[in-house]
Amino acid sequence: MSTATPVRTSTMAQALNAALRDAMREDRSVHVLGEDVGALGGVFRITDGLTAEFGRDRCLDTPLAEAGILGTAIGMAMYGLRPVVEMQFDAFAYPAMEQLVSHVAKMRNRTAGKLPLPITIRIPYGGGIGGVEHHSDSSEAYYAQTPGLHVVTPATVGDAYGLLRASIASDDPVVFLEPKRLYWGKDSLDPAAPVEPIGRAVLRRTGSSAVLITYGPSLPVCLEAAEAAKAEGWDLAVLDLRTLVPFDDETVCRVVRSLGRAVVVHEASGFGGTGAEIAARVTERCFHHLAAPVLRVTGFDIPYPPPMLEHHHLPGVDRILDAVARLQWED
Amino acid sequence: MSTATPVRTSTMAQALNAALRDAMREDRSVHVLGEDVGALGGVFRITDGLTAEFGRDRCLDTPLAEAGILGTAIGMAMYGLRPVVEMQFDAFAYPAMEQLVSHVAKMRNRTAGKLPLPITIRIPYGGGIGGVEHHSDSSEAYYAQTPGLHVVTPATVGDAYGLLRASIASDDPVVFLEPKRLYWGKDSLDPAAPVEPIGRAVLRRTGSSAVLITYGPSLPVCLEAAEAAKAEGWDLAVLDLRTLVPFDDETVCRVVRSLGRAVVVHEASGFGGTGAEIAARVTERCFHHLAAPVLRVTGFDIPYPPPMLEHHHLPGVDRILDAVARLQWED
Amino acid sequence: MTVLDHRHHTSVPGWRPGATAPRTDPAPLLPDASPVRVLGTPALEKYDPALLRELYRRLVVGRRYNQQATVLTKQGRLAVYPASTGQEACQVAAAMVLGAGDWLFPSYRDTLAVVSRGVDPLEALTLLRGNAHTGYDPRATRTAPLCTPLATQAPHAVGLAHAARLSAEPVVALAMLGDGGTSEGDFHEALNFAAVLQAPVVFLVQNNGYAISVPLTQQSAAPSLAHKAVGYGMPGRLVDGNDAPAVHAVLGEAVERARCGGGPTLVEALTYRLEAHTNADDATRYREDEEVAAWREHDPVLLMERHLRGAGLLDDLLVRQASEEAEALAARMRAEFHSDAELDPMSLFAHVYAEPTPQLREQAAQLAAELAAELAAEAEVQH
Amino acid sequence: MTVLDHRHHTSVPGWRPGATAPRTDPAPLLPDASPVRVLGTPALEKYDPALLRELYRRLVVGRRYNQQATVLTKQGRLAVYPASTGQEACQVAAAMVLGAGDWLFPSYRDTLAVVSRGVDPLEALTLLRGNAHTGYDPRATRTAPLCTPLATQAPHAVGLAHAARLSAEPVVALAMLGDGGTSEGDFHEALNFAAVLQAPVVFLVQNNGYAISVPLTQQSAAPSLAHKAVGYGMPGRLVDGNDAPAVHAVLGEAVERARCGGGPTLVEALTYRLEAHTNADDATRYREDEEVAAWREHDPVLLMERHLRGAGLLDDLLVRQASEEAEALAARMRAEFHSDAELDPMSLFAHVYAEPTPQLREQAAQLAAELAAELAAEAEVQH
């Protein structure tokens, strides 16, 4: 799609930065705004160099007010721009909740299609980085329950680039959840690879015993669990959803039907989490193929814990394997 | 519990009003605050007469700012008061989302129990009253996914009184969701009846074929559906959850295990809705007792529609019976 | 190319050690002690008679519109109507100061401003009738949807104005709010963004004394709402909101300043809501009849008629013409709302996304099947 | 009994038709043109020498505390530390103006104010160490938890002060914020509530010129942040935030006014963050060394030492004593943080609710089983 950035080894943070830069080069209507996105390049450096290259008009340090940022982006989109908003951390997106739910998600619908809002809202989310309170929330369930939003979350360097490009190109608002603890993971990146469309899950690992269904920060944990499971005699598939809304029922159900056993894994608290939707809809659609209930391995139903205790809260390999063990193998 | 208000026929709105009044009479630390709760008595008249009886000190018309209202209530609770906050409509609670998620839900935990926040947040929710946009949201999924909150929603006149008393008495924050279209429904009310504890579901109708699991505004619809189902030969039980958090696994699972078939019914959009959690956890816990997948009948995954179209969106009797018909009776 | 980078004149430096004075002089930002008035003052003579007559005509038609819409709610033909009766001077002037390329950001009470701006009077009522969310094309009419969540449209106006400025187009955005709305965080954030970005936007606060039942004294302790402007670094202006030429003048000045790169303005118009909050409200619960009566004496339509007649700018013919036009509009409203709106249930699924998701396609199919089954059942009954 | 009903003096009437002036005179609410200063002015002589020496002592200890905490982050003993280096005058004065019954509402940068208020210096660091959320007892110390979400603690301070006032207890709440925090909606809503309720609360904005990387000029276009006060109807005060006795005087006056029923005040203290935003930040990306150097000349600790020495209020002995106390504290911090914190994983489930829900009991049992299995596995390995 873009010839601007050559194939190279890249961190996820660099891939996101490249996606923003390439989008801004190709389309003058793409504007970035948020707190500290200018000279600092964002606290995670995702917007590094954008103000230098495109000027403050295109990459704007805003005053410190999240509802104001998102509300301003709405107005910019109404005028025909394609804003990309950065929320500094998951929990700091909450002040913008009213703008998000009552306007961003609904504007196209409220206006019978006359005012679509092609806004991308980037939110670094999740834990595992040793952050103090309010820096590690997993807030995807709020967004997934809000009709009118797309909810996208990459787990690999390539998807970070491709899905961010696709999100910016989308004529619908996208909540783009960046798994912040994967920012510094490296992989090779080919920006010229075809851009993945929003809404397609992908099988990251094939397997014959059961499937782990996951997304974002939990993908590497699941892959590790699948590796460890070999020692126990299980051959686990790992499915990366990549997009929570719209949900890829087709791919997910195909895999679940063929294996009959599934565990959903995510970091967010379990109760009312996205895992509940996944488990419920998979069960509705694949009931007769299931040898066991779809189980969930998630964060506990507690406020995100302090950094020194977070590893007890986050789904880890052992907890995943414990769930796999409960998949009624005796049947 | 209270001798203040005698047994009588009452609307749900009057029962809620009586609960507030009796709580304020019995406990001087109970304070009410919100928009228009004073002279007007609230747009739904739930706080009618409270300022007249208790003065502005105890029932306060605040400036128009929901985060400010909830934030002020937090400070009042820190000082030892027991605030009851009114949010005027579901969608107008969103500006308070940050205060709710980052403080109300977490303060006890953040302070190792030193600063509990016994705040009750009353929110009229749901549709069916012919309201224009932003007046009919069902926002329970946001609250249910937030650890640290209790989420309570009465469906009867008696529960409106009892559960509001229990919520105000609770030392934890409670999001108290009032099904606004049931405000004007009448029933007999005995304020001296023992107060129902938070967290207990109740079987509103026994049945032998399957159970409809529901709460709040959908309870009357489910009871109607159960009545209509007799003509099709189904004897449906109806379970009223009353409290979403903490969830009454015991009662729900007991009923589901005994019947083997269940449909969850609520107004909120289905995707990521509370029904997903209910279906998922029931399936996890009762898998081998299930003759069919737990199905869901919910609002569509769309922004709440305009009043003249809302009846197509809301789960109605026919749509519930269609789901019951899909419960694999042939097996 | 870089609009923001090239405006160093507005970037006053931050605080430096040893400095003795604040960054800019606040005096020009503060509103005058008294609200601006034109009617009953010599200033009236400086106004174009044609403009004054046009204001009058729109006021008369606007009043009738408000009245007819309120009647339609009582007949159950509108779901709800928050009348701007008593506030017509603000409504009409707000519409008139804007050019065709400018944008209006109304609140739920500003249907009349939307109509006065040129939107079809019946389409403007769609939301309140209840058959769809927005009845007009916001892009074509450069009029945002009527906004219910308070003050949330203010940042939209800022963002749109900012975008226009970046494109070097001389577009101004006008956001309309109530006194209650100024308490919301979004009001604050919008004004601050506007001032920092020097966005070409005007904020019009119609201070009608109440937010539903809550009087201004319980909403704000400020000397005036216009005084809030200084805290953002923009000028605040106070105007008698029932004096149509005064509102027109103050808003017009603010709009032109914004258009010429002078940045945002906050205008507080002192007015009064003569009717209840909406048809569903009972205003006797929270205000005295005497107060309403006092304001009826200061009615914007009466004031205008009296002063224009006094100045010899209005005669019986013009009065009759305006009244006939008003009646014709009222008749059109009655006729249109006499019959039920056309409704397509399947429209629920249109415009949720650019393309329906697989999930919505499934749900649409479900509804279509239900509707078909209903039709079949009805057909059976008729046989 | 009805505190609010009996304060009709503050309830200025709403706008009435025909009125000519705004409701109250804004002049007394506006900050002076120049920030209040004491050091280097004759005013210094009016101050109690004991108070000045106490301020000095706390400044010295405070500076050392900031430095040592920053070092601990570099050693990985603290998760993060947002130093208030350069802002110690504000930190120390804020703590000193409060009585034991008053409440402090600090932000994440105000650990030093918390310590200066009397909270154990190590407990105050618990959040930033990462072993628990809040290390001290907020109720016993009347110090709210360090608040990370910006400006969200401001309405808490208002609510607490309001509740205290209703109980007729002479309690004042002091909320500390940064310049960036003034842009948040919660700041606005808190100030408005405070003024309308006449709550005994003081808002201290430490304007240190930056919100992380964003300079004040991109945060606000106001003449000063103190000018925001007039928009709420409360007095705004501007003070040199690096002049400890000046901050003490201005805050002290505001606290006493609040205590006596005079309502809220907004104080802007002009100061500077000498270190990066936190240890994780790289300040060279957004500010010049010269700017930092200029502010080092205006260092609150140096200023105080220089002026007190000049006035003959400080001698080598006092300087050495302060320095020794500071070193002793630093040594205690190093010692305490040398070893790892004691941690109980099961504490995750404590204090989510008054009583754990059935769901949490299940989850706690799961974690307990996992921990037991881990222990067993470890034991096996050791055999």
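So that you can tell them apart, the chains are marked A, B, C and D in the order they are listed, and the count of residues begins at 1 in each.
One rule holds in what follows: contacts are C-beta pairs under 8 Å (C-beta built on N, C-alpha and C of every residue); 3 or more make two chains touch, one makes a residue touch a chain.
Given the structure is predicted, the values throughout are model-derived calculations rather than measurements.
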Item to complete: Find the chain most remote from subunit A, comparing centres computed as mean CA coordinates.
Response: C
Worksheet item: Is the number of contacting C-beta pairs greater for B-C or for B-D?
Response: B-D
Worksheet item: Could you state the distance in Å from the CA-based centre of subunit B to that of subunit C?
Response: 35
Worksheet item: With chain centres defined as C-alpha means, what is the inter-centre distance between subunit B and subunit D in Å?
Response: 39
Fill in: Gap in Å, rounded to a whole number, between the CA centres of subunit B and subunit A
31
Discussion item. Show the residues in subunit D shared as contacts by 2 or more other chains, in ascending order.
Written reply: 132-133, 149, 183-186, 188-189, 192, 196, 218-220, 352, 357, 359
Item to complete: Find every residue in subunit A that makes contact with two or more other chains and list them.
Response: 62-63, 65, 67-68, 91, 94-95, 98, 102, 106, 109-110, 133-134, 147-148, 245, 247, 271, 300-303
Item to complete: Could you pull out which subunit C residues touch subunit D in their complex?
Response: 10-18, 20-26, 29-31, 33-35, 183-189, 192, 195-196, 198, 207, 209, 215-224, 226-234, 238, 242, 270, 272, 294-295, 297-298
Response to the item:
Per the touch rule, the subunit A residues reaching subunit B in their complex are 67, 91, 94-95, 97-98, 101-102, 105-106, 109-110, 133-134, 137, 141-142, 144-145, 147-148, 245, 247, 268-269, 271-277, 279-281, 283-284, 287, 290, 292-296, 300-303
Discussion item. Using the touch definition from the top, list the residues of subunit B that touch subunit C in their complex.
Written reply: 35-36, 38-41, 43, 61-65, 67-68, 91-92, 94-95, 130-135, 271, 300-303, 305-309, 312-313, 318-319, 322
Worksheet, complete the sentence: In their shared complex, subunit A is touched by residues of subunit C numbered 1-5, 103, 132-134, 137-140, 144-145, 149, 152, 154-164, 166-167, 173, 185-186, 188-190, 192-193, 196, 350-354, 357-359
Worksheet entry | Complex interface listing, subunit C residues touching subunit B | 79-80, 127-133, 148-150, 180-181, 183-186, 211-214, 218-220, 280-282, 285-286, 341, 343, 345, 347-349, 352, 357, 359-360, 363, 367, 370, 373
